[in-house]
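Each of the two complexes below includes chain A, the first together with chain B, the second together with chain C.
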Partner chain A sequence: MQVTDLRHNAFTDPTPGQRWGHILVGVLGVIALLTVLNLKNATLSRKTIYTNVEVGITALYPADWLLDEPTSSADYVFRVQNRHERGYPTTFQIASIPISGDSQARSILDLLTLQRSKTLAAYRTLLVEPYQFAEDQQGIRGLFTYVDTAENPFTQAIPSVVSGVDIVVSVGGRALVITFISEASNYDNNYTLFETFLEDLSF
Partner chain B sequence: MSRLLHCYALLILSICMFIFTESRLLHVHAQTTVLTPFEQNLDRIKRATVLVYLAQETRDDLQIICVGSGTLVSRRGLILTNAHHTVPNDACNGNTIIIALSLSTEQAPIPLYRAEVAQANEGLDLAVLQITQSNDGRTVDLDTLSLPFVELGDSNLVELDDTVSVMGYINLSADSVQLRRGTITSFTAEPSGGEKTWFKTSAAIPALMAGGGVYNQDGELIGIPTTAPLSRQTSSQTCLVLQDTNQDGTINERDTCIPIGGFINALRPSSFAQPLVRAATLQTTVEVVSRSTAVSLSQFGFLSPFATRFFFSTAINEANMPTNVITSAPTGTRSLYLFFDHANMQPNTVYELRVNTDNIPNTALSLAPVRWSGANNGLWYIGTSNQVLPNGVYDFTLLADNIVLGSTTIVIGGGAQFVPSFSDIVFGLADESGNPLGNGFVLPVGTIANARFIYRNMQDGLEWTARWFFEGVEIFRSPPDVWRDGADGSKTISIQDANGLLPGKYRLELYIAGRLSATSDFTLAGLADGAFPKVFSEPTFIGGENQIEALSSSPTTNYPNTVENLFAQFDWNKIGTNTRWRLEWYIDEELFFSQNLSWVNADNGTQFLTRLARSGGLLDGRYRIDLYIDEIRLATNQASVGIGQLPIDRFADPEGLALRGRILDASSQQGLEGVSFILISDQFSVADFVWNTSQIYDVAVTDRNGYFELVRPLELSNDDVSFPYSVLIRSDGYLPIEFDGFVVKADTPNPLELTIYLTKGNE
Partner chain C sequence: MRYNSITPTSVEDLIYPYRRVWLTLNLIATSLFVIALVFQLIGNRLPYTQLGKYLALLLPFILWVIFSFLGELRARLPRHGLWHTLLFTLVIANGIVIPVLYDVLNVPAWIHENTFFNKILIHGLSMSILPSITTYSILVYLGRALPFKTRLDLLAHAEVIAIAFSSVDGLHYLLRNQPTLSSLTLYLFGTTVLYFISSIFAAYALSELVFSQQSRFFPVIALGLGSFMNGFIHILKSNFTNTKLTLSTSAPNFLIGLVVSLGGIIAFSVVLSFLMRVAEQRQALQTSPEKTI
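Right, the complex of A and B next:
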């Protein structure tokens, strides 16, 4: 009969080779973790440049956001959307509106309110206030909210509450309307991205 | 260590899931049986079928007045349906059109949109509606609207015994879209559309299907089931009570009912709807600026319709005139036309032809109550051709607004009878040999008009007479004469007036022994250009914001696409008051406007104006104007706008495979809401994709249960051409799914339903 001491075997000290092996796995794990974190940060902060000579704007927007440059009839010249996030895709948009010398940025906001109220459910302007760009350029900022409903009636999409910001600034004979729209529940997180976008924007 | 093993296991599971999903996607086309194009597109056709309500909306109430079916014919919300339940009239006087869709093919329709009439022809009983608002009153952005729709087919290709499928609703809000199958049993001919003015079908079509769609085996819309209710509150079979309209607390026969008409056996071919749909798509209006009156507008609207001079013919000519007049027909007769003169008919007059053969109703020849598509007065026919008529005694009864206008009988059977007859009258200016020259039915105004006719089986000594009419009044009757020209041949006769014949509408009736044997109408108009009439000058095209500006502009044939108004002008010569003429507009050889008009201007004049208008500028294309009298085209010209060709709409083709499915969390098996399913165009792979919308074929976002569906149908690959799409699904917190070479073929199930699992990860 042979008796095996399982407890003894279980607590046998590792051999030097095993010890080095554990250390090596730990080191590799830390390296992998750092690499992943670095890659994630690099991916998140990766940006794509957009230039529109005709309108005179240059912007940096998050890479892998979906770029839409309409060819005709749309009321914007540039729009990017984050199609990775679930729910209403966070949107940055720029429109160029010709204005006369007497036009006020405020009147542009009022016009947007009137137009959107016809097509967007429960559209409300929450706040209108002055806005100052980094280069001391003055603009006006309007906060709004509405309920987004799915365009496809054949799916059971639940309407979602979205919030947004319009920043209107006069540049020469036109007004630039820079718009940010986000799902209301994620508004604060996404607004930091918009602030970065504004910092990088030149016109 | 065990966590590491778990991670490895999850990774392997994810890879397996991905490979499984991809292999399912890539091999979907190998799993199914072959379906007909109609069956393949049945789901899309059902979705495109809508219920249309016409309601009277007041400040605090909405009462449904009329109801019918309809069909979406563009992704931007154009709906083809009947006019009688959408364009306000005495029977259906509402102010709000509500559109209900079945969100699932098994569910009853739900009101979702409001619409307006974009184009309509009340006589043809066709209307094209444009969705303008959601049901809560918000304006719908048509650029973002992407609804399922069907394509109009060529109804001229429909033949007898073709299988057709009729789609529509049969019950108010209780049933889903219903399908009725049948075959084409006969065609009915009328002047407004020739031999195929109506299709008759063996399908039993409930009245509420009026305005829906009739489809061929290729899944194309080739007709519209059409019937017109006579009036409100008739019998219970043609009128439904839906609401407590008298506010007495109960819904019963004392409430106002909704007229829905009787059974449907008449299908209006889609060729009548094509110009209306095209005009609505172009968003271009046509205005006859100079004075003119649509012939359908009766000057005596208060008078009741009536009909007289019923007779039969076995054939019609190019001017829609009878070639002969018969009182019986031999065995094997394949065509028969009932002619009659009519007056005081209106577009909303509901007429009906009841035919009994040996006292048994003949559904092939009868025409259920439909609206009047002709002028308010004139010569009309209802007939059939290319089908053998069984022997028997045929009783024809014509009704208008449920009142009998007249009836007549003809016997078909026996052998051919060689009775004396006249036939095939044509008119013109005679050459030296007595043969009339010209176009046959429109003659230049002068002192003489000749008529040549064929005679057969005549016997010398028979009494015959010619009677000439001008605008319905007899102006000359040849005294009863004795025939001296032998048995068979042709003969030319004429009417002359040294002071000149007046321009206008003429008629010749030829009698043999007091029996009408042949008759035909013709028109005198225009100056003589040889034997041909010069009625209209060649139209020219001028631009300008308004009529005054246009008249001072110089004509040209090329315009930029920024012009919002384009005028066509022409001069005219010797056109009599009330002469019928027709104006047609084409774009790129496709008719988009046609109107019959009655001349109300002076006999001679210059600069008759008609205007094309479109807000935002006319679309690129080649625009042509045609001017007709008596089906004879007398003038035409064309001008180019922009590049001279309509822009291509890449969404215009509804054919293809519908892709839908569900995206689930692989671990919880729960549907994921708000995930984007991106289908990349076949010209790009995932590696080529740089997140630009121009590279995307279509995008769908999952709903609360994880379901998604692409609006744009996928193109089918075959042995000659392949459309390898790429798929991209990325959602924060999940591993992405990306692959190329997603191909669908004719044998792929349609719609294709996918189930896709996303595995949690760091992406």
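Right, the complex of A and C next:
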């Protein structure tokens, strides 16, 4: 067994070759990190197009999210969810509600609050404010939160706090309610995705 | 205080007075394999206790103390500074490595969208190579203060680094996901093997550069190849342990997945221990005064 005390020449005073070896390992780390970040962005930015001629909307949503085809009794026309997430799946949803000429977008939000307060635990409206779409279209935005108590038979999950946003905009004789719901702990990250979704949305 | 025995020292101790690192490393991996297997078989019948999960989290560390640390105490020439390495790595792992892997890159959240070969590439470039490079850097840094005299000294410290990574990773997993006990032990086995493979490649790459005066490109090549092989083992294991949805059954082949992981660490240990031994013998021949070549 060869025992060599290289403490002084290899670690405290490396040769130029050894020094370069250490530097190249650091460079490899930086390249690996940048490559993976690039692959992450490329993977997460893949999108799928959704078009509904009847309602007149076209949307781009993340390619790996689950598109929920609505039944006749559903109160929405489009819903996608990130089923890969743990906890509450991040949801983008669009509902189309017929309105009369003098209806205010605010009254739609109040109606949603009344309906959800009956079915969702600890439902709170946090903020209501005007919202400006990119195409000079005025809407209204409401922030809300509640506790999701839905049980999952496969996990020992505790109820989770979710936060969300409703954006209501009047289009012709109907109001479009664009909803975003996410686990509160990951709200900020997911809201960035929702902003991209809104930018791509046309109606 | 340490007393010398009055009985004659065994011949084996005179030939090799250190703790056998390859053996203890594989013993830890095998013990975790058995524990994960047992919990998979009986896990669903166990009561839900948070304390039990936190105790399970200590499994890699406890096994390291039993097999490695106590082994060092029994060895004629124990290695020093293992606790320093452990504490230093715990800080680095909790402050840098695990946040980068799970908050910045968050690979597990999006890797599934790729094909098998892309998954190996992504895993190799992230979950495998970054711990490898961190282990390498920690060893280089600690080498200024600790007496690394043989190749296996580096491996012994790399083993501790892997244990620290695995423990911190397991703690983050537990706090994030609240898994069942059986899932936690399965995760601990998978991550411990992952970090063991990363660490042994880092120790091998550094030992060749330092002790064999290899080319400056050697560590990069060794770490790169090692990481892709590590990625291959891990993705193969994940494909087996994840549930397959078929018409007849939805049971996961977790046993095959566990065996793939265990086989991976044993195979890498055998190959790298052989390479290290050959390098050591070559170095001994070169420096021997009775060199005849």
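Following the convention adopted for this analysis, the second predicted complex is superposed on the first by the 157 of 203 C-alpha atoms of A that agree within 3 Å, B and C clash if a C-alpha of one lies under 4 Å from a C-alpha of the other, contacts with A are read in each partner's own complex, and residues count from 1 in each chain.
Methods note: a contact is a pair of C-beta atoms (placed from the backbone, for glycine too) under 8 Å apart; a residue touches a chain by one contact, two chains touch by 3 or more.
Remember, predicted model here, so these are calculated numbers, not experimental data.
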**Message:** Once chain A of both complexes is superposed, is A:126 in touch with chain B (first), chain C (second), both, or neither?
**Reply:** neither
**Request:** Once the structures are superposed on A, label A:21 by its partner contacts, choosing first (chain B), second (chain C), both or neither.
**Result:** second
**Message:** Per the contact definition in the header, classify A:68: touching chain B only (first), chain C only (second), both, or neither.
**Reply:** first
**Message:** Let me test your reading of the model: by the given contact rule, A:32 touches which partner, first (chain B), second (chain C), both or neither?
**Reply:** second
**Request:** State whether A:83 touches chain B only (first), chain C only (second), both chains, or neither.
**Result:** first
**Prompt:** After lining up the shared chain so the two structures overlap, which partner does A:114 touch, if you call chain B first and chain C second: first, second, both or neither?
**Reply:** neither
**Request:** Give one of first, second, both or neither to describe whether A:158 is in contact with chain B, with chain C, with both, or with none.
**Result:** both
**Asked** Taking the two structures together, which residues of chain A meet both chain B and chain C?
**Response** 36, 40, 63-64, 84-86, 155-158
**Complete:** As the complex stands, chain A meets chain B at residues 36, 40, 48, 63-69, 73-74, 83-89, 118-121, 149-158
**Complete:** In the complex, the residues of chain B that touch chain A are 47, 101, 103-104, 112, 134, 136, 138-141, 143-148, 672-676, 678, 691-694, 696, 699-705, 707-709, 711, 730-732, 762-763
**Asked** Inside the complex, what are the residues of chain C that reach chain A?
**Response** 15-16, 48, 100, 104-107, 109-110, 112-114, 118, 121-122, 125-126, 129-130, 133, 136-137, 140, 143-144, 147-150, 176-178, 180, 205, 209-211, 213-220, 223-224, 280, 283-284, 287
**Fill in**
Residue set of chain A touching chain C in the complex reads 1-7, 10-12, 15, 17-18, 20-22, 24-29, 32-33, 35-37, 39-40, 43-44, 46, 63-64, 84-86, 155-158
